[in-house]
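Okay, got some structures for you below.
Two complexes follow with chain A in common, the first pairing it with chain B and the second with chain C.
Showing the complex of A and B:
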């Protein structure tokens, strides 16, 4: 198991390198110029050249990439072109904010998805199944930024119950889990939860329905096992697949949603990426994408380990 | 009570109480900006003029300033930290500024000639210990001829330019005075100058009417009134909170839900709803131009003045205004009639499709030989208003006079980059015009950089490579007219000649719409990109 863990962690290195390289190339292939984040369009060329030299943007691309990589290896994500602030200072705050939002959305989406999927699987073809499947289809199909706007119109603008934007009355820097902050979290978390809710519902429904049709369940019932005990067996057998899907969804949620965070001005990684893309803020873009890719790697590893722990038939190593 | 009723009662009880807890303190003005981040607070803001508006002028002062207290006239240049200025009659590259006495920075240190020299060096002297390359880009471009400063005595400085330049006092509205003493304190606790400027940005010190007391990057900045402010007009709001809300619908929702008291640039289609909910909508013509800038390179049909005039006459600006819900002013030049630089152009820009067709026919275009134009535009962007529907409206107008327009739609940053490169560059992809809006409060940015042949790429934004010795001479005359009245007269001649030659396709001026809660009082919307935050308060 230890060797397996080590190997998986080593896989992260080429993944990080590839992600960093592809991101670097994509930003440079895209038209536009990072220098626009620092210099107005009316700047004379002499000044533009000077500032490019100051920031090292005049050096060949492979050298720029190598310099960036060596710094990142030393834990230095560099300085934002647009703000001059250390990238990690902004990125770490944004990750914290996205983590909060992702956890809240996961809690809503996974609990609802599991309950709805379980009911739908257990009562396949019945009315409750159709209702649950309708929710799942709607959750996956409705554009969540549109849903966000609708929720804002209803709960913020019309009813004035919940705030329309922001991560707290004083920003996210003084976040505590009190009512005042939680009410800022409700609308973005609900909006973000609908896709994982739909996907988890469909997965759990399929898995539960399949397990209920297997012979061992009929055997358990034939032997007179109580419904609650049969349910526990079904849950245990359905868990590995469902957890794998939830892990993947958690990865997406941690990646932050550019659209949802923009609609709610939630200062997470999505909003950070959004402004970095428009400003061609290379250091911020590269660091954010690299960290998010690493989240996926670690999360997938964690899911694999949890699956193994739950179901010994799944052997790793 | 059943479980269901219990849940319902809990929901109905809890939600309104949660909502009520968000009320703002009396006297706190909360502003939703369009920027995605708080503009830099170290004294030379980024984020374009929204930066100057919200983190420049309120925290800092410059030697000269715009009078933003009235909305019924173009904003005049007035003394600020300098009380008077004049060019040295012996050497017109030397401007002498007399400084205001008794002004103190927020940290209590004194504003004097040393502070002015220090602030010029922060962006122009690469050898200075406090030189900050990050501030150069947003500063040096706005005062292109300034080279250095020299102290004469504690309250007199000389600013030296590379060539005689009568426009320097106008340019200096963009050089904000930060406290050298406060920076030195930050420097003593920081490993290098860059770190010291970061520390200074988090805890800045200027001489402006407000002091920054809280700064959360990307989320909020909070100001309190500077009780020791030197100006005659004292700030009225006790506290100002700035919130970056880049999405227009999110800003509108924030205002309607009471989370902010004032938003910049509300979503245009939300204006009727905002009005219906009792919100104030403020707008005024701005020194902003939304044009098509022609290409004068060989082979471009826009080298023919008749074609440029025809296109100017073929655009229904009033119809465009209706499309925008009234949120624009039709542009008939770079400045409005009545402005000191308006002049007296003989070419009257209006909607006259018959005359447009006649001019096109005279230039050799008609049904047998239709004129085709390619224009580079953006899908969005700072100052670009609503570029897609506006350009499509103009496309329809021009089709009616026999001009087929094809758009090359680019992302804003890309279009901006191309603007530097000129229409002869491959990035123009054969475009005959480019749609980049610009600020026109300063003669250099309004006219000189487009019409002076020396400003052709890569030097500046003469994208179309316009070159005419008569215009070069007029630019030189304006830059050498040191009496303000003579300078304005020279600029008026330059502007009138530009309109007569139809050097732009002038289309719209933005009106800087902003929406406010009825509780906001005292606000004045000047004819400017900036506002005077000393005036508004919450009632």
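Showing the complex of A and C:
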């Protein structure tokens, strides 16, 4: 177990490094010289050279990468070109907001998905199965940015029950757990939860149906075990796969919330990324994507370890 | 010689045998057609998609108005306005016309990345699976790196860095879909290449290219194709999503995602009309999803 853990941790290192390299390259696949985003087009050549030296843009790419990496490792993500503030200052606030949104969406999606999927798997071919499967297909097929707008039309414009924009009263991005803030969280979280709901429903349904068809379940029933105890066996066997899928979905929620955050003006990483793209604020773009991808790498690792811990049959090289 | 774990090879062999047994005396495709004919949901979805495709291809004949010509005097008319059955948009352009024309770019941007990724991913995946060894390791480790990004984030990051435009959006989506297709292609190829009939072909002197063309591709293209069709719905949602963010199609070109974006402020005035482009994306993506599920079942492919 310990050796496996060590190997798995070591394997995450090259992945994390390559992720860093891809994020670093993003700036360099951008058309034109990155310097053009900083200085006006009619700036004198000496000034351009000076700024290039200051930013280290005159050095070869591998060296730039090494310098950038060592700075990032020390928590220095550079200065935003648009605001002049350190990137981390805005990014840390945004990450908190995105995490809250993603966790709320995960809670809704995973609970609904597990219940629907479990029922569908246990009662295959019955009405409840068909309802659950339709929900799941709709959940993965709906463009969630559009669903967000539909919910705003219904609950904000027509019924006037819930706010349509922002994370709190007056558009502030400071979060506190009070009723007013939670009211702002409901619509974006519900919107974001439909995709994981659909995928978790499908997964749990498949896993549960497969387990119920196995012989050991028949044996348990034949020897007269109560339905409740059989249920426990099914849960135990369905957990590893379901948890793996949920872990991945959590990662997709963090990275995929940009569209929903745009619809609801939710002050998270997605909105930050959106404005960084349109202001060509490359340090912010780079840092945001790096941090989100690192979350995803760590989540993948955690999923693997949890899966191994609860299911001794899985011990992958 | 076989680098595949015996259990995987055995399972693949069993699958092939089971499929052969299921065929009975009639051919595989006759069985597929029979199963499809008994699946009304899949047939209805296919028909809806064909109708949509016909409508957007024939847009110049069907559309009642000019997609670019608006009038400030008739902005945001509601549904059912005489002469404008689906109302007008924020610049007074006919919605029915814009939706018909908009489908062209939405479909094109949704399907092209999957087709390109299918070609590139199948090539790389079959190569990795068939050659094995160091080639396999290089290709598969490279896909691992792309797997470390959530797909939506990767698509937005690449097209954000490249800048707005139809071509960049298609390029970024293609890059996002290549790694998963490589994984599927590699795993089915590894399963097939150590089966007896491949050994027999090799023993009787067939070259690697002949083996790939005759024995491998015939057995792996089905599963890869079915997997690729399941990506179309995601691709449509993402492609329109990029345009919705302002990263795809640029105005005044009609495209469903972009139309949804420009109509966003109209939800307070005329929600019915503002919701239409998204409903089109939803309908298309739903039909592609159900069609792909139906194909998977009819072609007896396990995910």
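General observations
Here is the rule we go by: the second predicted complex is superposed on the first by the 254 of 317 C-alpha atoms of A that agree within 3 Å, B and C clash if a C-alpha of one lies under 4 Å from a C-alpha of the other, contacts with A are read in each partner's own complex, and residues count from 1 in each chain.
One rule holds in what follows: contacts are C-beta pairs under 8 Å (C-beta built on N, C-alpha and C of every residue); 3 or more make two chains touch, one makes a residue touch a chain.
Here the structure is a predicted model, which means the values were calculated and not measured.
In the superposed model, A:54 lies in contact with chain B only, and not with chain C. Once the two complexes are overlaid on the shared chain, A:152 sits against chain B and chain C alike.
In the superposition on chain A, A:63 makes contact with neither chain B nor chain C.
Legend: residue contacts after superposition of the two complexes on their common chain; A:309 is shown touching neither chain B nor chain C. In the superposition on chain A, A:13 contacts neither chain B nor chain C.
Set against each other, chain B and chain C touch different numbers of residues in chain A, with B touching more. Judged by the touch definition given at the top, the superposed model places A:278 against both chain B and chain C. Of the two partner chains, chain B is the only one touched by A:166; chain C is not. In the superposition on chain A, A:264 makes contact with chain B only, while chain C stays out of contact range. Once the two complexes are laid over each other on the shared chain, residue contacts for A:83 go to chain B alone; chain C is not touched.
The interface of chain A with chain B overlaps its interface with chain C at residues 30-31, 149, 152-153, 157, 262-263, 274, 278. On the side of chain A, the complex with chain C involves touching residues 15-16, 18-19, 22-23, 26-27, 29-31, 137-138, 140-147, 149-150, 152-153, 157-158, 251-252, 254-256, 258-259, 262-263, 273-274, 276-278, 282, 285, 289, 292-293, 296-297, 300. On the chain C side of its complex with chain A, the touching residues are 144-145, 148-154, 156-158, 160-163, 233, 237, 240-241, 244-247, 257, 260, 264, 267-268, 271, 274-275, 277-279, 281-282, 285-286, 288-290, 293. Only residues 30-33, 36-45, 47-48, 50-51, 54-55, 79, 82-86, 89-90, 93-94, 149, 152-153, 156-157, 159-167, 169-173, 179-180, 183, 262-265, 267, 271-272, 274-275, 278-280 of chain A touch chain B when the two sit together in their complex. Chain B meets chain A in the complex at residues 15-16, 18-19, 21-22, 36-37, 40, 46, 48, 133-134, 136-138, 140-142, 144, 194, 197-198, 201, 214, 216-220, 243-247, 249-250, 253-254, 256-259, 410-414, 416-417, 419-420, 427, 436, 438, 445, 449, 457-461.
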